[in-house]
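First chain written, first letter: the chains are A, B, C and D, and each begins at residue 1.
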């Protein structure tokens, strides 16, 4: 097996003595490395998670139906439909580290307040009308907005309108569960503030480019910004493409504009475990083939194209979500202008020094 | 259930429509949060891993027997007996993040060279005679020594004597496997240098207190020190206890001396995922009850005592190993002077901001 | 002398032998500490620089007159009138570390390009019509804007209009000169780009709140933002005062809003040696008496009030500049709403661990 | 003037109007840039400080004589002979940032305790018998030892023997004085502890290679190590030369071993303003010509050779001290094995981003 370090001829002969030794191992909670090393320590990451794409056209109707049949409230906490990676059966894990779900809130419903160690964000591919209340600060959710609920902040949601609304939740639930790091606490059964301001207090304090309030000079682990608005993201991406047209360096590749959402107190990622970015490809652009350690999830915000995911190939339409497990090569081709939201576990990989990537046709 | 956020009365009524919805979920690789949240997001960490103690008196004879029956060489790579946490059945994981094993090398045997992303160390509770060759630098292994093989360094071992030798290996294999970050590469089938110097080149360059070679001014992700010698550890611990006797601050609690092994280029942990420490308790000292997020493994180096691990209680003797899973309370009581080696995944918890602890009788 | 460590009775008796010793010292370029320690190492900073205020009503006419009489061009480089601290006679130093000048550019004049190690900024208290071209990027200068030229960036200015314009320059020239760190290089005799865009390329790439271009992921020593626009500063300050009115934490003291200009790649100061801030006091607000290690310069942007500077007291009007040397106590009282631009050498003090402050009536 | 940016033909014509303008400047504490820029902002650093060498053979007898004639005690504080750079007349500054002095303590004398913001160290080129007491911890001073008194630590010295002792003090007094950052406080008139241990408490806690006390996990601005012993320095340098002989990378250039003294909590410089290193050159080695921003002081610890300092050339003997001002090229040639202690203001230059160097024959 060229690709693995699987055990082979070096395995010991199966004798009664060996059987007895192995029985001794079992009695004493011991397992030998030599029978396992090929699986445990492969030549390169061989994730159980598989590349997969979920169609918005499938997800949204199911969410609507859940809106009719499943109440939201204390205990279940959220009407969230987790995307379960087919390779990680039995868990609603989109990858070993990440959780992605479509959450749905009917007219005038409230999802009660709670807090947890897990870091969370929301991204809105369509709709409006819900406010998420984070530590008492009501944050409007609108199309294209990226909204934060870092670990251990109380948060609830309420729909202030007569129409339902759905959006995407991203969290580090699998990582947290696997590594036994999670705490959870219930808060108010209703949200603590039903006000519906256009702009949250966090934005009023923090969303002035290049300016930092003197009342907020201590760096924070996660971003203090509650909402990253679509108008800023859109303008930043357009700005890059126009600069490129004028002959100045601005994009990361020809016809490929991209921003990272950051913590303004450090310039780094918004939360310790989750990176979030937004990419815009001009029509006809094809990204370079690329592999990365760690897993990513993309959602198509607008436009159409195709993605190659290892051996798979999928067309892309508005709202579709796909996951790229660790070291699976991927390429995206834009047919129309293609806008993509992306999130990943890259901060974990970088902080623990496991990040690696390969780019190019041979990657 | 006071201790969990388990779903309860809020679960929807089981109707044919709901069944159809759930079938739709299944067809589209979706799992609802509301049926799972209590398990996925408990009030506090509820590890599947259990506290457990392995007796050196059990381990060593099994290692000896393996020495007779199981060859060491390319493919199996190492004669290593992994300690499998009884709560994590089917894997040789001592915790969700950590691997601990006893490795055994017979007279004049060689474990071939390889390298991998996984970070590794060795700790020697008894014996001598093996050299580990790390990127070509032969490092003597002796009783009480702590030896590093950070990720992606080639390494092999050879026993230069007529006697077998056993020691403990610690790695981040479970973390690496779970998160799909591992690369592996074979090296030489024999070690590249059979020299048997007392002191490695890494020590000759780096083990001068407070001094840094000008040829090594770039900080390194992991420590450049190959071996942390027992004589230094022992002297540092004695120094703390003597300073305490003389009335000066030096210990972390009365009668409790402790050091952390560090990367001299940063003053931080030796490797990005693993912390290692050595503790010395005077006879009669009982540590405060303590819970911590993340998992730890202790090995008794010398002396005797007891450990309380959640509901369990174990006597401690030389060589015994025990694991403390996340948030399990623990207390150690020294009968004689008690020397303990400890390693943990604390750098993961701290770098990702999940670290938490509670100390005191109510912890 | 209660306040000093001046030498006193411990001075040796003046004998012929001592005179000979002192002569030996002189011959060998030696000076004894014991005759100097009181001056060299006072109980607290005793700056030679004195608090001082310059009136805009004096400065601007002199700048205008210089505009008539003094050409601008290669060699003299800039028509800049340095504010010379009366305590630091002979040098145009406003403090031991900082340079502040009023610069004046007549209609259609060009100040040629050059670059230097010294870090520079401009702040515009009134007027418009000049573009500063920084490494080829034309940056419009308007009232209330704060503009950067970090060390070793080529820059020139040109006035695109029929009216003159004046503004304030701030640099670390004294620090650079004193410590022999400066390099200087001539660039183009004309600016490299006479375009007059509203918004610079640096702003188009970097001025989107919470967003970072993926093409700019390497942190930079100084801010990549060329212009911090008045509209953002004004909005940020108003936001803080409104939040305060609504009962939320936002200001640094009651009625006192303030922002710091930052490097978005780090969240830290805009340049390694200079901090810049903007303060807004509501009418009637009086700041707490405060002393700080390091020197600061304030310019009144709008409104009126008074400043107490050690023993001095000055009324404040639009455009007035004053310097607060190290450890001189200061208090500002706002009569109308008072807007103040401030810059200081605080990054030097903090990075070298000399920062200290005292606040309150006894400070 | 190729080397300067001196003003030239661009100076305005000297008319009565200009004279009146200049008089207006003077009245209002204004100085124009255009008459000064060539001096203020030269093409490269042009220090007033000059390269200079002081002979130990001159210094030591003067110190002895001062020992006879000048008492040591409260007020004068120290019997320290500052080396005054001939280019910086009137101040005992060896460079714009650094102070270097020979300090002398007669048999059984005490230099009283005080503390100050200024960072200090001592280096011992010969002799023994004095203990420096730093925050109550008595630290033996011996030949080749490097001893720290970081800012704001109380310290005094006493000679426990019947023989006098001299050593070198290094501080950042000029930097501190120039920038008005210094505080000073008297302590005990006698030292607080006359004990004479071989090893200080700081060493007992901190001088174990690669080990950090758990009681000292908070990083400190300056090194917690009171004494860096000669035996460690000597062994580290020999180790590098032996490794080089064996064919392994260890030295910074052929035949040139060097270490930096570091803060073990960070791996960085011992104090925020001062770097200290020790260099050993094999006989016949000549260092590359080198220029650096910032100033350095060297003391010959043992051996002989020559130094080229800009246009100067000096022979080197035991104890000789020389200063290299900013951007002055220097080359050292070893006749015998040459051991050199070096200290500099490099941390200032690096932290403020002014560091630059040029190496090679054209530097």
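Here is the rule we go by: a residue touches a chain if its C-beta (ideal position, glycine included) is under 8 Å from a C-beta of that chain, and two chains touch if they have at least 3 such contacts.
These numbers were taken from a predicted model, which means no experiment stands behind them.
Note on B-D: its contact pairs, compared by residue number with those of A-C, C-D or A-B, agree for more than half at A-C. Taking CA atoms, the transformation carrying chain B onto chain C includes a rotation by 180°, reported to the nearest 5. Here C-D and A-C are compared, and the pair linked by more C-beta contacts is C-D. Centroid to centroid, with C-alpha atoms defining each point, chain B and chain C lie 52 Å apart. Averaged C-alpha coordinates put the centre of chain C at 30 Å from the centre of chain D. Computed from the mean C-alpha positions, the centre of chain A lies at a distance of 43 Å from the centre of chain C.
The multi-chain contact residues of chain A, meaning those touching 2 or more other chains, do not exist; every residue touches at most one other chain.
The touch graph of these protein chains is a ring, one cycle where each chain has exactly two neighbours. On chain A, the positions that touch chain C within their shared complex are 201, 203-215, 217, 219, 223, 225, 228, 232-233, 235-236, 239-240, 242-243, 248-252, 258-267, 277.
Those residues of chain C that touch chain D in the shared complex are 5-12, 15, 17-18, 21, 24-25, 28-37, 40-47, 49, 52, 54, 58-59, 62, 65-66, 69-71, 73-86, 91-92, 96-97, 101, 114, 116-118, 151, 173, 175-186, 221-222, 272-273, 293-295, 325-327, 345, 347-349, 351-354, 356.
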